[in-house]
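Presented sequentially are two complexes of chain A, the first with chain B as partner and the second with chain C.
Let's turn to the complex of A and B:
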């Protein structure tokens, strides 16, 4: 007899709507962006592109990190949304393609690609051994290669396990996910060093990579919680999910919110106390213009608000209450990446232009359209989810 | 039921192994654990380790008295290395305590049942480790009799501690840590103390256990309050796992000394603390379970989990070493680069490579299931890690201080041995070992009440009452 999970080869109508919105956003956003490029609306339009690219890349590797976590721990708490995280992870391939324009327009984006600036700075001359087009491209290719292999192989084994019922895939998934998690942290660290930290001419911070690892995982989990919050009313999800599952996901969101804040605050406190010119510039710059209110807003709305809300067990156990919090975390994550990336361009005048918005919307549109397409071709619940009671009896 | 069901269980090995081995019921649990305290004569090893602890305590008393009489000049600290063994040992001991807190608090909140057998031992270890740790900064002040000046209290001179100094944060962090850990440990003991009170034959034991059990009768109301208090203390302890060692790391990181001022320090110190702590738990548990025959409760599954946590935290620590080196280069800052090259090729390079071996390379053998399931293997790795974590603090503290900004201010660090640094450090082992030796003799080292609860859960796991509720 076929299990309820098999029967419900879930095809959610919402996926089509999400894709349609994605396609419209992609057309409008990228249309706007290229209009901005051609009309020279801003001085360095490809900076906006990098910004848009980073927002969604953080989500892509965030999905990979949650997927690795579930595979590594064999956490049944994650089996109801593992396919969504696997689909999100696979978008790293899309991000690899979208990375190509960045290589083509390096000079528009990075100070180290500008010979005049390099000539004027000893630090940048020192870094030139690694920060040059060739090595930057090679390293970026390595990061993407690692992510793509992890995302696609894990997803394949996860599906093969479903197809064959062969338990060896379970062991293989765990055995790949554990070293995979180590590789992910290392590659994300160096990737954000190359792609974001190197926007600053002198600044550096050893914890910066971890802030992105935690932030990415938080954004991806917020996406997962949003998904579950939207589907739980339909079968077979209603009988699969119980308040305890939502409570666990709420707790994990809470943990990641606190962990992100802990890392971000550590960086701030140590930099502020040291008050060294090459380091403090990062925060001094973020005290100017709109970034001060944005930064304050992030402290209040990215940390305190979700922190206080997620303290409530009732909220975490009630999907209709957890849903808006998850959506909120997802959105505020975009604001946080904005605050990390945009001020590092050291723009004079307008700090956030409509070209930036167009790039984020456009690339986000493509992301959701592709993500939806991957979801469509996927059975949304793995067969190894098995019995409803097992979801409840997670470790 | 799906046809796959039959294929799943065997592969997991230890994963689905029971957490309590052998045939046990509530009575045998009490007999097995309670009798260690009440009836059974101590094994020979207990006397040997008691003797070693006594020798170390003697060394502590002598070096302590000499220190108080002469002052901190008997230690090897001097310009430019004003922090030496004292601060290394402070950080090392306090780090060890973290495993206890992680096991008792975080694993409880995460509903990890495997914590049950080892939490009491780990919490006790935490208490004595924090006591050893606290001694060092206290004595390092040079005038421990006025240590209360570190506490902000209204006084006639209106003098307050410098709140912007992480050394003052340390005072708050460590005292909170000790208080909460002691409370947690004691609250967990109460039901067991009552059991021992009821079982004890000796009058003195009956009275002593009776007083400490605070009138526990095991009524539903008692259990209800106990569970609430235990959970609340777990909630309070959880942030302490992160905060205490983060604040310790800030002692260094908020300065601008190269090798100290780096933003990765808080998470990297916390991971290092848990890493060292689990190594110490394993060093204690492996022999104790054998000597006292409690392998039914502390099974290979527990060892496997502890080894995995050690591997994971060890990787974070190794990641920290890599980041320090990479960003020293990336910074382009001459002092950072000089520090990195000093570690790699300076006077103390041997210790740096030893550190990389102990904390970076050696723990990688834990990827292998064979090593994780070998008691000898685990013991050796834990010993290497314990040494490595001490070396880490040595490399961070005096080695960074010895070569900071101006070559004219460079110097070296040599600890004193007799009546000084080394003897005092050995002395703290006397406190630690003496405490542990006394503990296993007079209190139940494994929480009987929790084991019984676990036994109940393991036996009735598949009971239909455990049916899932559905979303309302």
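Let's turn to the complex of A and C:
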């Protein structure tokens, strides 16, 4: 007889709906994007593609970071949604495939791939040793290889532990997740430097990658909280989840909101204090056009609003109140990545084109369709959730 | 039923248990029986006990929040007064109200005052420091700091009735049960 935990595999009808919406979004979004490419609606359409790619790649490695955190700490707080995070982290393979067009259209996207711009700038010539097609492709392959190995091996061991009941997998998972977390922070740091920071010809910031590490973890945890907020009314989730679990997740969301704000503000304060031409350009550029109100909105709605709401213990302990906050954080994360990436394209005319929107929707649609497919083939709750050790005490 | 406003002659009825789950169940039973004013004494934190006791007191979080805001505001004003009013300096042509550089100290002073207010507020609301409390007279109560768990239904409760309180607590199978004199 199947236990309630095993039955949780098939009962979530919402996955099919999510996939259907994902497929429609992918068709509409990518259709719109390719129409934009062919009709030359924007000067560099593959920059829009990079933007859409980044939004969902941040979510993919964010899921991997939360998954690593749960495997490393073995905290029961994460076991109710660990399978969702594992499914999310496996989408790094999808992102690796979706990265190929970026390599193909490098010249359209990056200033360092444009020989005229490189010839005109001494800094760019110095950077050419690092920023060239071969090196860029090799490094990107390494980042993806690390993420794919971590995501798939951890997920496999997690399932093998379930199947065999062999607790040695518990130790193996932890032993891989701990160095894996260090590797993830390093690779994300370098990946964001390569893929986003290099959009600027001269600007650099050593904390930039970490902003994406924190932001990705925040977005992934918001996805997890949204998931729990939607399923908690059904069995077996109702009997597995108590207000304390939601309190823990709410606290971790709060922590990541503050951590993100701390990193983002650190970069701003140092740049503002230094006021050097090659550094301040990043913020000077974001004072122009629509980016000033967008940036102000991100300070208020990405930091202050979730910060103040998540101070309340009652909100964190009430799933129906935590759910809208989690959805809000997920959505405002997209706005934040937009603010980080799009102004670096230095467009002269329209700052946010419908081609950008089409790319985000299209790639997001693919992401959710694949994410749903992985979830579908997964048992949503691990059997080790019910192991008595460490369960009651370290909730 | 007492109708007079006299001080009750006993402080309450106290029951002794050997583990956290028992005291948690007892607190729930006492609440279900209609008692509101009670307290538990345990050697370590028992998960869920605060809720089971019906404690909805959120004055400490409120105090901490307000004091945190005051601390942050004062920290900000202090820096503005120092660098903008009392001794303004031209640093790289920046305005006197250079708010970005104030943020770290604004945050720190907010946290500092909030943390102090949490400690002071908790002590104040608990009536601490306090050299004596009636439950100290319950025999064997010193084991509350070692290996015993106590639940005391207090006589201040509007519907308090010592006989009923004993009945309810007896049903929870305590190790012992006794009245606490109000000394």
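What we mean here is this: the second predicted complex is superposed on the first by the 379 of 395 C-alpha atoms of A that agree within 3 Å, B and C clash if a C-alpha of one lies under 4 Å from a C-alpha of the other, contacts with A are read in each partner's own complex, and residues count from 1 in each chain.
The working rule: contacts are C-beta pairs under 8 Å (C-beta built on N, C-alpha and C of every residue); 3 or more make two chains touch, one makes a residue touch a chain.
Treat the numbers as computed from the prediction; the structure is a model and nothing was measured.
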Room on chain A for both chain B and chain C (clash or fit): clash
Regarding the shared-chain residue A:185, is it in contact with chain B (first), chain C (second), both, or neither? first
Classify the contacts of A:170 with the two partner chains as first (chain B alone), second (chain C alone), both, or neither. first
Applying the touch criterion given at the start, work out whether A:311 contacts chain B, chain C, both or neither, answering first, second, both or neither. second
Does chain B (first) or chain C (second) touch A:133, or do both, or does neither? neither
For A:193, select first, second, both or neither according to whether it touches chain B, chain C, the two together, or no partner. first
Classify the contacts of A:273 with the two partner chains as first (chain B alone), second (chain C alone), both, or neither. both
When the two structures are overlaid on chain A, which partner does A:100 contact: first (chain B), second (chain C), both, or neither? neither
When the two structures are laid over each other on chain A, which of chain B and chain C touches more residues of chain A? B
Superposition on A: which chain B stretch among 27-35, 45-53, 63-71 or 225-233 collides with chain C? 225-233
So chain A touches chain B in one structure and chain C in the other; where do those two contact lists coincide? 244, 269, 273, 395
Which of the residues in chain C come into contact with chain A in the complex? 47-48, 61, 65, 92, 100-101, 103-104
Using the touch definition up top, name the residues of chain A that touch chain C in the complex. 244, 265, 268-269, 272-273, 275, 311, 313, 395
Residues of chain A defined as touching chain B within the complex: 3, 122-124, 126-127, 130, 165-168, 170-171, 178-179, 182, 185-186, 189, 193, 202, 204-210, 232, 238-239, 241-244, 246, 262-263, 266-267, 269-271, 273-274, 276, 278, 319, 383-384, 386-389, 391-393, 395
Considering the complex alone, what residue numbers of chain B touch chain A? 1-5, 7-8, 11, 111-112, 242, 246, 250, 253-256, 261-267, 315, 319, 322-324, 327, 330-333, 367, 466-472
